[in-house]
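This is the structure, below, for whatever I ask next.
Here the chain labels run A, B, C and D in written order, and each chain numbers its own residues starting at 1.
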């Protein structure tokens, strides 16, 4: 039996509100605002209050998928990543670094954006990296 | 006071599944279930969180377990109303009460800043109770306001509502699985601050016999709507009309669910 | 303006007493205001505050709830609920600036056709005097 | 943002809110604005829709979409004509005032009324409110930026703020409200084609050298790369053959999505890394399951440059992995494979134990994040960049005492029309935006019942006069068409929108607003003109 609150940051706009995720025995059971946070000050909007509802949604992707005809088949991580590395490598070899593009993400963390641009710039040697900042 | 509470919690923990209280860590303070062996130096009393709701959830998830809770006066009152509505089981709860300071009482317009342990199977209060603070002056001023002034006041306030449902979510007395506020029959879906304030009037009615004046709804409101003025008025009415004070007496049944024969009404002349 | 103003009234009538009273008033050809939209409910205790509020939101200028006299409830104690919660709603309306005379709770038995006519007539006049709710800004 | 959100409730005495549906799109910023209002701060809202914020405002101006520069110039005209500018600030801290003055003096309120539809007296009132209640903050969102003149609009906001000496003070400034949780961070950390982390230009030789050293590689690309829109265009033309998409959904978020779909279908390799099978992922060759925010550690940077922790609460679902881990594993495979020319790179350099280690690598190469560490974030809660060193406290507001370039530069700018104006065939102006209850492409919020039940389907907002004009006659659905496509959706008739303008939220795939929008871009920022395009509307019977 374990109940705690994990403090994190809301994902539903740029305000940067604090979110306490109530975790009971390894599952999220609710959300509390944080009264001591300088921006959200103990409040949230309806999106913030419900920020964790999709985390265990049945539609969540739980395994890598590889295209098969019109649909997908499940694949192992090794197979999927190998396939990406291999095919991207082939395109790189045939058409050069500028034929590959990367979309970073305004929804992912700073560290993840850093790593993706580092991958694009150091391994593929392209500056073709952008995200939907403008959208 | 904190030390005293920690000592008491440490003593009780071996016979409990855990104690619900606030834990302060480097990243912040939030509700936590302290279990035997946990670092009680992290147990703190501020800020405010709806700990009774956490107790309710834990008791429902673990129907055999006994828990403790570190509660201030309003938390204890909330637990009383929850017990009457089968949201918590007082037999499986050890109440570690503590008193609020006079300043805190004044800030909350709190009439009863110490937990009342009468009727609780197992309870203990730490701290010296201070006198109740005077009520919100806005409630008294209200009597002086004309209907037009009242209307203007609330129209301006309700126009700010961003429909976060925070007042409901934070309220220890709002536990219905299906909520009237989410029923498009009563409250327009997807509209921000519709002209007729169904949301707030329906909620005020529902709070009438339940609101224990913990004031969490007002603290949580991003639009700073003085919701408790309305709830204070409703609480006053339920006292005057039906002789009921929410949170005061664990043995008193909620008035709106009783018949007249159960003696909950002062006299029907007064009502009509 | 108020001379020509015809208020819209929603009346929630209990099936066993007030609705029958209204029916009898009709059979007896008693004058009855055309402004009243009757809604039959099985018991006045079934009328939730939400229903009254929704009537106002939907454009009613006044809302009337009529039930059996205390002691006569077909369901023994259904109207005990009515008598407890409607006064609270009555006060709440006034707290947000809706005139208390726009809402009335009363008892009309099936044998009281004249009383039905009288209560509705009085209520229509009272609301007519207040003018449209929309003019109050709600 | 030049300033911080908490300053709004604490210091700001006047808000000029432009093209921001604040209570819906940034509710907790609105909370600070509403608190300021309670202590007497003034609020001016400028928007073609009378949003909730507009209804709460002291003054509401309703311009024609796409006329921001004109009315901002008009506002400055009034300020200068009535001597309300901050002369000493202009004198000491700015340059280019005379050029600005000459341009804005050609925008008298009456002329601005003709262009923008804002009554001249309202414009005067707004100018006085803004100039006479210091500190005054400008808040804007996509209503300023998503125009072909987006950069001009932003510069005009800066002009106005400097003219009145509202830059470099607590509670003032020019404050873009960023729409997505970490759009600030994605920009800060180099998720852009022209800059490395910390806005260091890829074209600057000394920067390139610095990163070559830090990353242990030679020959980094020194040309500016392609933007999203250019990559997609490139895919359509065959120049871009592989696209790797991390948690983005361009098939719903980008303009003219029929065209986007066509382009993406030409790719030899489309990889999508996401938590749901988005519209874009459905086209992919490989889909990689990532974790949600609740299942990983990291940091986000909020709209007021505030770096804050994301903390793992629960274990990843199924086989899903945090994005950072996926990237690292892929990088190692790419390096170990023989296809890429990476002689100096070792797979081991991609062995990060945690995001904290990544941050430790970020800080030394990213001056604005120089003092950021997880240890400090835990202790201090948040840090606002620039925070150059470990003992620097962070920067609540920018440009205090001095601009980074020295003197603040005024930009004298003339008004220009939007790229596509309404005409006889397409008589309405379409503007797009967000709702309170949904986020971006709806991937998460439409799967959250408490949000979905508030608004289940797309709709178009339209003024009653326009509804009468198209003969809506009680019909509940309409067909909206532009030169690029058409959609069918519900209609909501409301007086809270400017006649001639229709609004569609872009969250809904089955009636996607971006089927209609067009890809005309701001020449400097590359932002599409989502806020203005021409459409026709007809009832569906």
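As a working rule, a residue touches a chain if its C-beta (ideal position, glycine included) is under 8 Å from a C-beta of that chain, and two chains touch if they have at least 3 such contacts.
Note that the structure is a prediction, hence the values are computed from the model and not measured.
Which two chains touch most often is answered by the contact tally, and the pair is A-D. Centroid to centroid, with C-alpha atoms defining each point, subunit A and subunit B lie 38 Å apart. Put simply, the C-alpha centre of subunit B and that of subunit C have 34 angstrom between them. Rounded to a whole number, the gap between the C-alpha centres of subunit A and subunit C is 57 angstrom. The mean-CA centres of subunit C and subunit D are about 53 angstrom from one another, to the nearest whole unit. Residues of subunit B in contact with at least two other chains: 27-28, 162-165, 222.
Looking at subunit D, residues 27-28, 31, 309, 311, 381, 436-437, 450, 454 sit in touch with two or more other chains. In subunit A, the positions touching at least two other chains are 7, 18, 37, 43-46, 48-49.
Pairwise, the chains that make contact are A-B, A-D, B-C, B-D. By the touch criterion given at the top, residues 23-24, 27-28, 30-31, 34-35, 38, 52, 55-56, 309, 311, 378-379, 381, 435-437, 450, 453-455 of subunit D touch subunit B in their complex. Contact residues of subunit B toward subunit C in the complex are 142, 147-155, 180, 185-186, 195-198, 201-202, 204-205, 208, 230, 233-234, 237-238, 241-242, 255-256, 258-261, 264-265, 268, 271-272. Across the complex, subunit B meets subunit A through its residues 17-18, 20, 23, 27-33, 35, 47-50, 54, 57-58, 61-62, 65, 162-166, 169-170, 219-222.
The residues of subunit C lying in touch with subunit B in their complex are 49-50, 53-54, 56-57, 70, 76-77, 80-81, 83-85, 87-89, 91-99, 105-106, 136-138. Partner subunit D is touched in their complex by these residues of subunit B: 26-28, 159-160, 162-165, 182, 189-190, 192-193, 222-224.
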